[in-house]
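Next come two complexes, and both contain subunit A; in the first it sits with subunit B, in the second with subunit C.
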Partner chain A sequence: MIQSSAGITRVLLIAGAVCLALFPLAGSAFYLGLVTKIMIMAIFAMSLDLILGYAGLVSLGHSAYFGFAAYMLALTAPKYQAASVWVSLPLSLLATGVLALLIGALVLRTSGIYFIMVTLAFAQMLYYLFHDTKLGRGSDGIYLHERPSLAVGDFNPISLSDHNHLYYLVLALMLAVYLLLRTVLASPFGRVLVAIKANEARVRALGFQVFAYKLGAFVLAGMLAGLAGYLSTCQFGFVNPEILSWQYSGVVLMTLLLGGMGRLYGAVIGAFAYVLVQELFSYEALFGVYAKHWQLSMGCFIVLVVLLLPGGLAELLERLGAKPAAEPDDG
Partner chain B sequence: MAECALAVSGLTKRFGGVVAVNAVSLQLSRGELHAVIGPNGAGKSTLANLLSGDLAPSNGSIVFDGVEVSHLSADRRSRMGMGRSYQTTNIFAQFTAFENCRLAAQSRAPHAFNWLRGALGYREVTREAQHALAVVGLERRGAILAGHLSHGEQRQLEIAMCMATRPRVLLLDEPLAGMGAEESASMITLLRTIALDHAVLLIEHDMDAVFALAQVLTVMVNGEVLDSGLPDAVRANPQVQKAYLGAGEDHV
Partner chain C sequence: MEYLIQILNGVQYGLLLFLLASGLTLIFGIMGIINLAHGSFYMVGAYLAYWLAQQTGSLWLALPLGILISIVIGLILEWTLIRHLYRRDHLYQVLLTFGLILIFEELRSLLFGNDVHGVPIPAVLNFSIPLTETLAYPVYRLFISAVCLVIAAVLYLVIRKTRIGMMIRAGNSNREMAQVLGVNVPLLYTLVFAFGMALAAFAGMIAAPISSVFPGMGHQILIICFVVVVIGGIGSIKGAMVAALLIGVTDTLGKVLLPEYSGMAVYLVMAAVLIWRPRGLFPAT
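Up next is the complex of A and B:
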């Protein structure tokens, strides 16, 4: 029964991926951009799921890595020329990985509420570094005059300023991140992470260096958040300190709660739900004066989901998947 | 007797003003089963936590295979060859019995930090885990979620996890707690087999088990060693009898 419900969930996920692949045939440029933004958010939320949903680390500073990679791209891009993706992407991810390694080495010495506070503190430091110094050009942020280029010599089949191209690139990367994290979680490393969340002291007693495992996961999560930040900068063409703010860390946390932790695809569902529901609640024709205060309706919506579906919206999908197995077979 | 595997001297743990373990010394050799008994609150579990590294001692030394380990971390001591089980069942309830043992065996594998290969692809780790399950008699229960096993089976699984880490010294904290008579009997047989080629420190309440198994017996009261030696000699000690054996009204 459990197997068949997992099978149906898988079929639904594949169907979802196919729909996403076909979407550009039907969607306008606006909706293409919206779904691209959602898929970038999904990568960001999946990266948080690795440390929160699997390793049990509640970070309230995850936007630091998203924003840092975005700023790395903006700061290292030539002023009136396109940066090469082949240089700027590895550079941004590597720098973000080093940042996550340094911060992780410090914050992972704490746990519980202290961990939440210290991750928040580091993210705030980074926020003020880019907000209040000349380095990040203040609250206005930095514009990217040219989108990064994927050209190799004269060969340039994919252009990031083309909505379709960017859409498919982001879709491919979202699926790649999903498969990468699935693989990591099935590896010896990943099995230990899951065990750490369940019972950290027991894992230590078995002889595992818990700290090293947590740090490894923290760095990988930071780099994947960085990938999302990099892609977001490619899409919108500018960075500003808001992407480093604690509010943004909160948004990705809520996205994950909404979708359901510890499943990876819950992060994807959450990203779609969060952004689409936000669009809905800020639709003036429907919500009138409340449209401006969409956060109010969003807050109620999230509280309702968390109360009714502790496992997030993904739980709804799983119940849907479990249903046919619970019913008697017709044949 | 074989060489000394674990030598504890003057081990002390203070929690604020309370001395939970006071200047405890004991020795443990390979092929020997050393039982520690004592009334509730005698400091037995604290002693186990000090030896395994779950607690840091206030004073004293723990020498394991000639190395001072009293300030090494729990995971380090585990990798050196110390295995422990817990008084309250401490397993990964949401994993299968096999996965519990596989994880334990993985801690000894050189590839434990691999990120990209499936965890089930390591044949030696898998074999080790299956072997550990077989040693405790759970070879047919591997696919069951650990949380769904009976209490006795969970206690056996705990021992299997400990064995899968290939320890030389085992610290077993009340492995018979809450077991029925039949389960106890098979656990006693299992412990006797394990003690043949391991050094075992057994903390236990079950007197029948202790006298059936122990080659050396230490009695603790109020955090201190009251007497230590051959079981019969210790049993004959009038102080021990007064403090613990036969006396219904324990120090609580």
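Up next is the complex of A and C:
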């Protein structure tokens, strides 16, 4: 039965991917942009799922890596020319990886409430670095005059300023990140990570360097969050300190919880649900004056989800899906 | 002399942070709850001071009324929402109180709009003590420091010398054992939560005349309070006091000496302390 439910999940995931691949044929430019944004959010939430859902590390500073990679792109891009993706992407990810290594080496010495607050504090440090100093040009942030280019010599088949091209690139990367994380989690490294969450003392007693495993996951999660930040800058063409704020870390945590932790595809479901719910709450025809105050509805929604649906939407779907499958067993 | 003024400002800011952080650290230490909405209560306090001072015409009337209202809000929150979080993972506490922040912030926007408001300093305290021919120090700031010191002393005496303080310490060090010995732990939690909220609101109320009242004022101070609690050691009132003064002075001097980097300074101090002592200066357990 477990196999059949996993089979159903796999079928649903493939169907979802096909729907996303066909979506540009039907959607307008606005919705194409919205779904692109959602898929970037999904990559961001999946990266968090690796350390939160699998390794059990509650980070309230995950936006630091998203924002840092975005700033790396904006700061290294030439002023009136397109940056080359082939240079700026590895550079941004590498720099973000080094940052995650440095911060991770410090914060992973702590646990529990301390871990939450220390990750938060380091993200704030970065926020003020870009908000207060000349480096980040203050609260206005930085504009990219030209989107990064994928050209190799004269060969330039994909343009990031084309909505369709960007959409498919982000979709491909979202699937690639999903498969990468699946592979990592199925590897011995991933198994140890899951074991650490279940019983850290026992894993240590078995002779594993727990700290190194956690740090490895932390750095990988940071780099993938950086990928999402890089793509987000490609989509919108500017960065500002808000993407480094702790509120944004809260949003990605909520996205993951809403979708369901520890499943990876839960992060994708969560990204769709969160952004669509936010769009719904700010829809004026439905909420009238309260549309402007959508955060009020969002706050109530978050409180209700935490109290009533702690397993997220994925768990709800699995429960609904499990019921009909259970019937033949009785007969 | 100029530095004396800045150090006095730093100490005053630090003492104000202590009011906020002591409630936060008690709620962490005793109830095991990570409460992001603590900063919102600072904001609620400031707006209550603004609104009640306008209605009653006096900050002195606004203060007790505001404390009563914030205690009531704290009790309602604990009964309806926080109570369900005691046995849940910190993650859910973070998210539920994150939702509360959004709710408080938007309610503030609905009720009071998004303008910056001022609260007049009470006439009795609205003068300065001259330090040199050109420099003077406002008495209201000294008043804030004095009030905070009195509250700190009372807090210390209550926790060290009274029966309820004994229960709080018992609940802090071993929840189950305290319950077995007949302490009404759920009631204790309710009281501690409401009291912590009232402290935060009170800090907002007395700070309102000097900091003015503005949207999002709870966000920044919340994170600074987290830093204070982490540096001091979770659950330690003494640690909160030492760390609050350290951060207050660092932040104020940082703003004068290195304005561009002052935002980061407090976090650098925190990182340094944590490398040295991962569980804070005065680990409670």
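Here, the second predicted complex is superposed on the first by the 326 of 331 C-alpha atoms of A that agree within 3 Å, B and C clash if a C-alpha of one lies under 4 Å from a C-alpha of the other, contacts with A are read in each partner's own complex, and residues count from 1 in each chain.
Everything below uses one rule, namely that a residue touches a chain if its C-beta (ideal position, glycine included) is under 8 Å from a C-beta of that chain, and two chains touch if they have at least 3 such contacts.
As the structure is a prediction and not an experimental result, all values here were calculated from the model.
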{"item": "Partner chain in contact with A:Leu296 - subunit B first, subunit C second, else both or neither", "value": "second"}
{"item": "Touching partner for A:Tyr143 - first (subunit B), second (subunit C), both, neither", "value": "neither"}
{"item": "First, second, both or neither for A:Met117, with subunit B first and subunit C second", "value": "second"}
{"item": "Touched partner set for A:Ala201, first subunit B, second subunit C, both or neither", "value": "first"}
{"item": "Which partner, subunit B or subunit C, touches more subunit A residues", "value": "C"}
{"item": "Touching partner for A:Asp132 - first (subunit B), second (subunit C), both, neither", "value": "second"}
{"item": "Subunit B versus subunit C as contact partner of A:Pro188, first or second or both or neither", "value": "first"}
{"item": "Intersection of the subunit A residues that touch subunit B with those that touch subunit C", "value": "none"}
{"item": "Subunit C-facing residues of subunit A, complex", "value": "52, 58, 60, 106, 109-110, 112-114, 116-118, 120-122, 124-125, 127-129, 131-134, 246-247, 250, 253-254, 257, 293, 295-296, 298-303, 305-307, 310"}
{"item": "Residues of subunit A touching subunit B in the complex", "value": "183-184, 186-192, 195, 198-199, 201-210, 212-213, 216"}
{"item": "Subunit A contact footprint on subunit B (complex, rising order)", "value": "52, 54, 73-75, 78-79, 84, 86, 90-95, 99, 102-104, 106-109, 111-120, 122, 125, 161, 165"}
{"item": "Touching residues (chain side subunit C, partner subunit A) in the complex", "value": "28, 34, 36, 81, 84, 88-92, 94-96, 98-107, 109-110, 219, 223, 226-227, 229-230, 234, 259-264, 267-268, 270-271, 274-275, 278-280"}
